[in-house]
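Letters A, B and C name the chains as they come in the text, with residue numbers starting at 1 for each one.
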Amino acid sequence: MSQTVTAPAAVMAASGLACARGGIAVLDRIDLELAAGEALVLRGPNGVGKTTLLRTLAGLQPALAGRLAVDPEGVVYAGHLDGVKAMLTVTENLTFWARCFGTEPRETVARAVQAFDLDGLTDRAAGTLSAGQKRRLGLARLLVTGRAIWLLDEPTVSLDTASVALFAAVMRRHLAAGGAAILATHLDLGIPARSLDLSAFKARALIEHDDFNEAFL
Amino acid sequence: MSLWEYANPKRFMQISAAVLPWVAGFGGVCLAVGLIWGFFGTPEDYRQGATVKIMYLHVPAALLAINGWLMMLAASLIWLIRRHHVSALAARAAAPVGLTMTVIALVTGAIWGQPMWGTWWVWDPRLTSFLILGLFYLGYIALWEAIDDADTAADLTSVLCLVGSVFAILSRYAVLFWNQGLHQGASLSLDKEENVADVFYFPLLLCIAGFVLIFLALVLYRTRTEIRLRRLQALMARDRLL
Amino acid sequence: MIALLRRDLTLAVRAGGGFGLGLAFFLVVVILVPFAVGPDTEILARIAPGVLWLGALLACLLSLDRIFALDWEDGSMDLLATAPLPLEGVVAVKALSHWLTTGLPLTLAAPVLGVLLNLPTPGFAWLVLSLALGTPALSIIGAFGAALTVGLKRGGLLLSLLVLPLYVPTLIFGAEVARRGSEGLELGSPLAFLAGISLGVAALMPYAAAAALRVNLR
């Protein structure tokens, strides 16, 4: 993606971004900017394209149009699935991701375990965890990657109230340390965040009745 | 005007609609004349007898089986590089036609081989290569059918076509290494002194022209169908969206 | 990359299945052959190299769809794709761990099964060598097939249809080395071709497989 001139503090900036799901444009003309220490909450009804936008920002799928300026090595994505291996223990799961992202496992894993209150579970196989515990493990992965921009898709699914508070605390610390995050969530986490309603960016279908172009629309 | 403007579906539909009847008609005439001339107007071969006349079906079909794959390879490359949907759809449209040609070549070859070699099938390098080519066609078609999202399917089949081409060539040489074979040399070539005798040559050329034109007509027709199908899917998807 | 390899191997060992199933399949196929062609030791000795190669190939095919499917289903693939590891490297590591858990045990088990089929004595060393050279190619080509079909619900059968024609050259040269070895013939050129295919495939196939994975990740 090409670089755009943005405010110095911006760690991620998109302009005129359009993204597609299944070959059909769902979102169009999105402008967003994210500064260090800032969180952005994506809102909108189901199916509006929150996941699609997050995947595009994470570089998992190409944008249809527009510019995206972000350091791809600074981004970490957490989707609906946790990427947790049932056969590995909690520590092994986290250690693997730490090695993968090139951080020092001993130090980061201990911090992540503590932050998400997984202390008593470290030697349990992840397959025996409850859904909420697994989710916490999935979120703990964010900490061991050592990356600044978190792209989170429904991070609070299957978390209980206490765990949500735990997550909000982690979030607050992350932002205070100069990190940034874009979340798709329906819950109010009680952290200072701007919100962006994606319904406003719904792609308008090009109406061309008797003339069809390359994209068949 | 650039060549690529023909890749616009609308323009493609207009031009192909105008061209299609001519290609099909001309191909039919060529094939009919070539076959009648070949079957009734040429002498029997002094060694092979009347069976030599299978050549008029076997050679053009074999030619198109290979060139059909080459066309798919070219179309896949164009899709991967320039992202013209028509190109991907043309590759998709050509595959079943190419597979049919492969089957015709194999079946006529077997019928020819029975009186000549005394067996319906030998594991001769040429026959084996064609069998493997048929498998590649099958896999390619199956992959197209299996994937729902049209662009994903186009991308993946194109990658398969590229990799498959490399392996088809590898298999060809591997098979040559494996068994030297009974099959006669190529019936036609540009740089060789020894071609089939002139009496067979012209009706054979006519048959080849007929086969090529009919192949083109079928691919054009199928591509038009695919384009209409894609248009329909796109409209339905838009309907769901709005 | 080493971390990924270590994780995949740990998973394969803990989940079982990996080695065991492929090996058992190989064993069963080889045991069934004499029932199908008769117990004549001379015939068995003649077809032994081919049967062992074919058995190894089919056993290899059996576990191909697991190369990416497990990581795909639990979302690890998305995360690996955004990790600093290049996707080509991920493919190469996955193919390597597939080979270590199937190709290598098959290679080591082949001589034992060779005894059952009366493989002539000079053939054993060449059989092992040809399998050792050829099975990596099977794993890497298989990884490409798995990358093509990873997004599909029922990709297993399609995967076999796609991968088997791609296996033809490897099978021809591999079985040729084993056959010539058991008959005491000169086998330099098929051996060189087999090694060439393995090396060429190892160098280029990860790019094709990674391209297919990227398309599937969209």
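Please note the rule applied: a contact is a pair of C-beta atoms (placed from the backbone, for glycine too) under 8 Å apart; a residue touches a chain by one contact, two chains touch by 3 or more.
Please read all numbers here as calculations on a predicted model, not as lab measurements.
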Pair joined by the larger number of C-beta contacts - B-C, A-B: B-C
Chain centroid nearest the full-protein CA centroid: C
Between chain C and chain A, distance of the C-alpha-averaged centres to the nearest whole Å: 37
Centroid spacing, where centroids are CA-atom means, of chain B and chain C in whole angstrom: 32
Whole-Å gap between the CA centroids of chain A and chain B: 48
Chain C: positions in contact with at least two other chains: 218
Shared interface positions of chain B, touching two or more other chains: none
Chain C-facing residues of chain B, complex: 132, 135-136, 138-139, 142-143, 146-147, 152, 155-156, 159-160, 162-164, 167, 170-171, 173-175, 177-178
Residue ranges of chain B in contact with chain A within the complex: 7-10, 83-85, 149-151, 227, 230-231, 233-235, 237-238, 241-242
Chain C - residues contacting chain A, complex: 2-4, 6-7, 10-11, 14-15, 71, 73-76, 78-85, 217-218
Chain A to chain B touching residues, read off their complex: 22-24, 26, 203, 205, 211-217
Touching residues on chain A, where the partner in the complex is chain C: 55, 58-62, 72-73, 75-88, 92, 95-97, 99-102, 141
